[in-house]
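Have a look at the structure below, then the notes.
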């Protein structure tokens, strides 16, 4: 029953939809095919050891992968700590022009070129963090393993985590605000009806959107895993792997950014970089879909 | 008990306010500091900042960012239309025929592509475009930028198109419009604000993207190049390279360029927010 | 005799639910054919089969024989079919992004009813006059529809439909969301069109049906339970459902 005109319509649109599909497929195939060499040669050691020695063709990307995960987690937690209050402020306490203004500020932050975040973080934030957070914590709380190293440079896993966290704030805020605003108004009215104060209402409503917050955390980690410029300029770019947050480290994207240029000179360097990117890509996609699924399931249950 | 509850309420507000300020403070500081650093650089360099080539590490003169400026403009001019076309047509397909397996697949693809780290896109385009061509180029950079922006542009377009109330689409069909006519004469005009805002935001994203250009456009900044098939540079890339160096003059150029980028972004944002008028439904 | 619309054993399924069951009816040319029934009985769906607007829903399936203006409606190109059929919806939907003038003009233009600006203006004026809206909008043709009242919007939609010079007009509870004064105006406009256009109107309101109908079909739970000339149905309804409906009980 598809009319001729509809057929023409679909045919004229087909190339564009297909090209999107093709782009993804080609990307995945390209990365996978270039990763195979190093994975085949080094096996699991590629991911469980920590060394970057192209001259001797020794590669192990445990450090960068761990660094990516650690900084992304730290970033998301930082962003969460800042975003929830900001979302509550916008959703509950501000009205009219003030609300529009704040929302616009968040929108402004969300599109800001990451290179500017990176510049600011590496030039200013890193020093602030070193002086006011890392130095004191490593001096007084050095019995806690994550604070236990001497802070030599301001560029550490911690700095990268906090910097990416600030970059993530608008993204997480937008997700939380969207979820908070889609709570059916009957629940908000119910809270008012039982005489709850603002604080108590917010506590109840926040518990209602717990799955959405979880989804936002997962999506935030996925976002942070792919972030490059902020990571390269703040993480310290060192293969050193330790349990201390205040030491310099690497993320996979920072590793690629600094080593890809020279990688063609060596036999397995490029492939090792592709392989580590493949891991991050895989994790990011899995996390993305998990987060989106949790979010849509929550929506279907609560928002109706 | 009543006053304790009230106190908690007040404390809560104070806490929320305090942390929100901390959340916003970096942005304010960032904008102020960037502008301060960069304005002085641009003022000293004058118009030359837009027309001259970057300096050498030891020179006293800040020079200019002409190659990167031209490169960024060419990259945007090439990548923006392609991104908008592909995203627009794919989203029209997805909204008009939502049950078609291709439409569902495209939705999934857009979400997956959005999770691909931008540096990975750079690596792939390097493999598939730079290596066969034998050199870096604006073309490769534009392709990478398109791949990076497509998921967002597609998602925004399809959200806006889906928001057109069905009744207007039905009215369009009821007066004898074909599918294309209904889309062009009814759906798109109704969402024209969202449509234009999306294009502006895509442009902002393309202008500010760094990682996708790392291995594609070539970092050629010793001269201005207008050729699409030759290496060139881009403003974010220049900032990225220079801010990591220890040379003071490079840092100054980087701040100047960052201020330019920031101003461009603010202008785009303000236009998108305030200039485009909404259709009253 | 030729009928404007003929349906034979038409069954419609939406999302696998059987909405219309074995519908058969004949609509003579240039009459007002009213379809009445309680909410959810399938009246709107029936209307949408005629101009194949039901196709917009990808989960809809239509079986049976539908003849419109002598054409096999289910096989014919739906876009061509719709050029001869105008439709009014329950909630008035003038295009919000077009002026009052353009709303009517676009229907005439895309169906090649007028070739130049002068003819177009004449058609728009004629359509607005027939819809009994010309006097109220002639000074503000370049205003936007959101400034009109609900009743005026619906008459604008009528003008838009008329600008197509359709042979059939489908009206889906057109006065359901309008105040009584405007509703009467709309009814007057409809009655005045009776001899030029075939009109199929769905309504909930037995009094309105009594005012305008030449023929009536009573539909209940997707089935036609009674049909015939209006006088017969109103004076001597034979089924219990029809009687309840006309008394306003369902």
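A, B and C label the chains in the order they appear, each numbered from 1.
Methods note: a contact is a pair of C-beta atoms (placed from the backbone, for glycine too) under 8 Å apart; a residue touches a chain by one contact, two chains touch by 3 or more.
Please read all numbers here as calculations on a predicted model, not as lab measurements.
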| item | value |
| --- | --- |
| Lowest number of touching-chain links that must be crossed from subunit A to subunit B | 1 |
| Busiest interface, counted in C-beta pairs | A-B |
| Most centrally placed chain, judged by C-alpha centres | B |
| Identity of the chain that, by mean CA position, is farthest from subunit B | C |
| Cα-centroid distance, subunit A relative to subunit B, in whole angstrom | 18 |
| Approximate Å spacing (C-alpha centroids) for the pair subunit A, subunit C | 54 |
| Intercentroid distance (Cα basis), subunit C paired with subunit B, Å | 48 |
| Residues within subunit B bordering two or more other chains | 97, 178 |
| Per-residue multi-chain contacts in subunit A, two or more chains | 5 |
| Per-residue overlap in subunit C, given as positions that touch at least 2 other chains | 79 |
| Subunit C residues touching subunit B - in the complex, by the definition given at the top | 51, 53, 56, 58-59, 79, 82-83, 85-87, 89, 91, 93-98, 106-107, 110-111, 144, 146, 157, 160-161, 164 |
| Interface residues, subunit A side, partner subunit C - complex | 1, 3-5 |
| Interface residues, subunit B side, partner subunit C - complex | 97-99, 165-178, 181, 185-186, 189-190, 192, 279-281 |
| For the subunit B and subunit A complex, residues of the former touching the latter | 5-6, 8-9, 12-13, 15-20, 22-24, 26-27, 29-30, 33-34, 85-86, 88-90, 92-94, 96-97, 100, 102-103, 105-106, 109-121, 123-124, 126-128, 147, 150, 154, 178-180, 201, 204-205, 207-211, 214-215, 236, 239-240, 243-244, 254-255, 258, 261-262, 265-266, 269, 273 |
| Footprint of subunit B on subunit A - complex, ascending | 5-6, 9-10, 12-21, 23-24, 26-27, 30-31, 34, 81-83, 85-86, 88-89, 93, 104-105, 107-109, 111-120, 122-125, 166, 169, 173, 197-200, 202, 222, 225-229, 232-233, 253, 256-257, 260-261, 273-274, 277, 280-281, 284-285, 287-289, 292 |
